[in-house]
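Multiple structures follow.
Two complexes, one shared chain (chain A), two partners (chain B, chain C).
Right after this comes the complex of A and B.
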């Protein structure tokens, strides 16, 4: 039972991240490969605030979200100047920079050893310690995230972002603020990724830089591609499916060292196969 | 004398060593259809880019209803009442015809995330009205029955009509249309000419880049003849078309 709970909670954290990535990459067309870095910053902030007993879980999540909103707007700013391929390279650099900070800033992040002993989340004085309680927390959070995503997609803002992805110049020509819309999308994606980080840190009670490196960013993109870009369903299906994979591999009798690399291998193959043969993913639109 | 409706004065645009516009001045009168003609490379689209703020002229300026457009962003210029189409259409092909028009409607509720998330009912109500407006606009250009079709499934003629619907949605009073009739079949051509005349009778002012002399003769009140970035002649279509020197430039490709 615990195993199932932790699978669901983790998958839900990744659904939040998937929504963040889908909004930025799928809908607005800002091809960021540094979403894991923002996720990490959210995780470290909540971990530190709880471990130093500076504040409770809810305000800590708020702080993390605000910082990640600012951070994501900042790292997305180059996309307002450089387009397409150039931005991918810029964003790649930002991800590498973040990983370097996570590993080397030992005071803040515990370095490569990570931060152990992160306290569980509390809600209005109640400590959420059992897995069932934690799953409830992630489920409610993901529910809110999905609701926000759905509302955006059906509002003029969602349509504006789709139009921007297709042709920024044409959007400007009908008198719409491209810059403002892109910054808003980046801010939203930052809030989603930051809160996902906070949930992740308190759920696992241990975080280290490996969870927030380039591989993690690429895993996120794979989830969005496999699940389906630009749709709510795709952002949910992808994480649940891809996170089930390691569990399936544990049933197969292979040494753990091989299992880990086998997983990476399968993720890579999945990404290629889907891009080639089903770019719209299982439940999405063509990227 | 009161200020001209649209007045360009002494425009110069340089791309490296190439002078796309040189000392180019002209006026457009309110409520008329003015056609911008000239051989390829004469600077017709460059003029559109300057008026709509996509290109800053090296010299000169454009004034609309007596107000200088100098330094305004494309967004702000649409706000003053000028909107354009593109020669290569630039429609949002993965969106429906209706959505293409909806994007063009000005100042909508829920166009930013806070309103979209926290005032969903208000946004939904406002959207309902907006959809009706957009449908009426589509109906106006004759695309009502294609509203829910994706743009990539529309014929070329329908896509051209949709670009007109999209500029109409902005509410602009001065429409700059870049070759609205090019590449159309004879039937579609008559349709678009009738549409342009209808827009004029509804009070819109049109500045149209057009190659087809038959179209120019039939719709233009005034013709601006552009050659090598300079306004060479202006007058009625009959006068411009019957001028042998201009015909030589236009058809003969003489320097």
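Right after this comes the complex of A and C.
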């Protein structure tokens, strides 16, 4: 039962990340491999704030989201002003830089050993300690996230983003702020990723740089690609399927030394195969 | 004295990096594809060469076979992946995701076969030291500088003096017009990616000869090379090469004041400065 709970909770954290990636990559059409970095920043901030007992869980999540919004705006604003390919370089750079910080800034992040003993989250004075309670927390958070995503997609802002993806020039010609809309999408993606980080840190009570490296960013992209871009269903299906994959792999007899590479290899193959034969994913729209 | 040694080290890594930048710049300015999988070809070169060298092949055979293998791999990626996507009118985002998938596949196939640990080349002459005017150099480093300068010169000559080079530049500047004059852009793309992959095989062999092989070490040089390409002006071979050397020298000199693990920060800082103040690069006019 504990195993099932932790699978559901983790998958739900990744659904939040999937929504974030989908907003950025699927809807706004901005390629990004720095989603895991933002996720990590959120996780480390919440972990530090809770471990030093600076504030409670809810304000800590708020701080993490705000920092991640600021980070994403800062990252996207200068590069998107120029062109999309400049943002590709920026996002690779941010991801590598973030990994360097997570590993080498030992005082703040615990270095390669990670941060153990992150206290469980509290909601309005109630400590959430059992797995069942934590799953409730992640489920409620994901529910709110999905609701927000759905509302954004229905709102004029969502339609503007879709229009930009279809034809940027036409949108600019009718007098809409393209750069502003893209940066806003990135900011929203930052808020989603940051809060996912906070949930992840408190649920596992341990974080280390491996969870937030380039491979993790590739995994997030694979989730959105497999699930399907631009839809709520896609962002939910992808994480649940891909997080089950390592469990399936344990049934096949693969030596443990190459298990990690085998997993990443499958993500790579999935990316290629879906781009070639089904760019809309299982339940998405055309990418 | 330390500064002089670092300066020379910078020139050595810079000349290898310059070749990565040239090769990426050729591919990018012609096909307009952000060929992330290039980092995989770069990594592959080292491993192919290592396998041949450790089976006792003569060095010349190793070099020729490795360059040919990389060329074939590049052409294969263009022909089987990018050309197929092009026929389906895939967006640049889709091509980029597929390219990232190809990179993940290559890196992890290598990691699964050769293990993710560092491998050293079984070449005894490579690490022999020479002292030149108080600066210590290995034969590998001297060879790196000479080979890189030769390859740089050959590339410039090829693109400005031969028919094929001029045809490639014609396709790069206007694929539509080139097609009218029966130049077959798709065929030229395969040739260009092949040539670029052959060029990147050189630093792909020479750098690990000095520093050892690791399956996931291709991304950082590729990122630095793309930054050099942008800062040098997209399409300018000399610009990419010069800036790459400049970045590597700056990185090495910065070791005097900043620990090595932050060198990615230096690179990225240079990129941000360029992006903010001169996004078209230094040598952009020459197209």
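In this section, the second predicted complex is superposed on the first by the 281 of 287 C-alpha atoms of A that agree within 3 Å, B and C clash if a C-alpha of one lies under 4 Å from a C-alpha of the other, contacts with A are read in each partner's own complex, and residues count from 1 in each chain.
The criterion applied here is as follows: contacts are C-beta pairs under 8 Å (C-beta built on N, C-alpha and C of every residue); 3 or more make two chains touch, one makes a residue touch a chain.
Predicted, not measured: the structure shown is a model, and the values here were computed from it.
In the superposed model, A:78 makes contact with chain C only, not with chain B. Of the two partner chains, neither chain B nor chain C is touched by A:143. By the touch criterion stated above, A:162 is placed in contact with chain B alone, chain C being left untouched. In the overlay built on the shared chain, the residue A:59 is in contact with neither chain B nor chain C.
Of the two partner chains, chain B is the only one touched by A:152; chain C is not.
Once the two complexes are laid over each other on the shared chain, residue contacts for A:184 go to chain B alone; chain C is not touched. Here chain B and chain C are compared by how many residues of chain A each touches, and C touches more. By the document's definition of touching, of the two partners only chain B reaches A:174; chain C does not.
The contact sets of chain A with chain B and with chain C never meet.
The part of chain A that touches chain B in the complex is made up of residues 148, 151-152, 154-160, 162-163, 166-167, 169-177, 180-181, 184-185, 187-188, 285. The residues of chain B lying in touch with chain A in their complex are 52, 54, 73-75, 77-79, 83-84, 86, 90-95, 99-100, 102-104, 106, 108-113, 115-117, 120, 123-124, 127, 130, 166-167, 169-170.
Within the complex formed with chain A, the chain C residues making contact are 34, 36, 81, 84-85, 90-98, 100-109, 111-112, 115-116, 215, 219-220, 223, 226-227, 230, 259, 261-262, 264-265, 267-268, 271-272, 275-276, 279.
Within the complex formed with chain C, the residues of chain A that make contact are 25, 29, 31, 33, 78-79, 82, 84-86, 88-90, 92-94, 96-97, 100, 103-104, 214, 218, 221, 225, 257-258, 260-262, 264-265, 267-272, 275-276, 279, 287.
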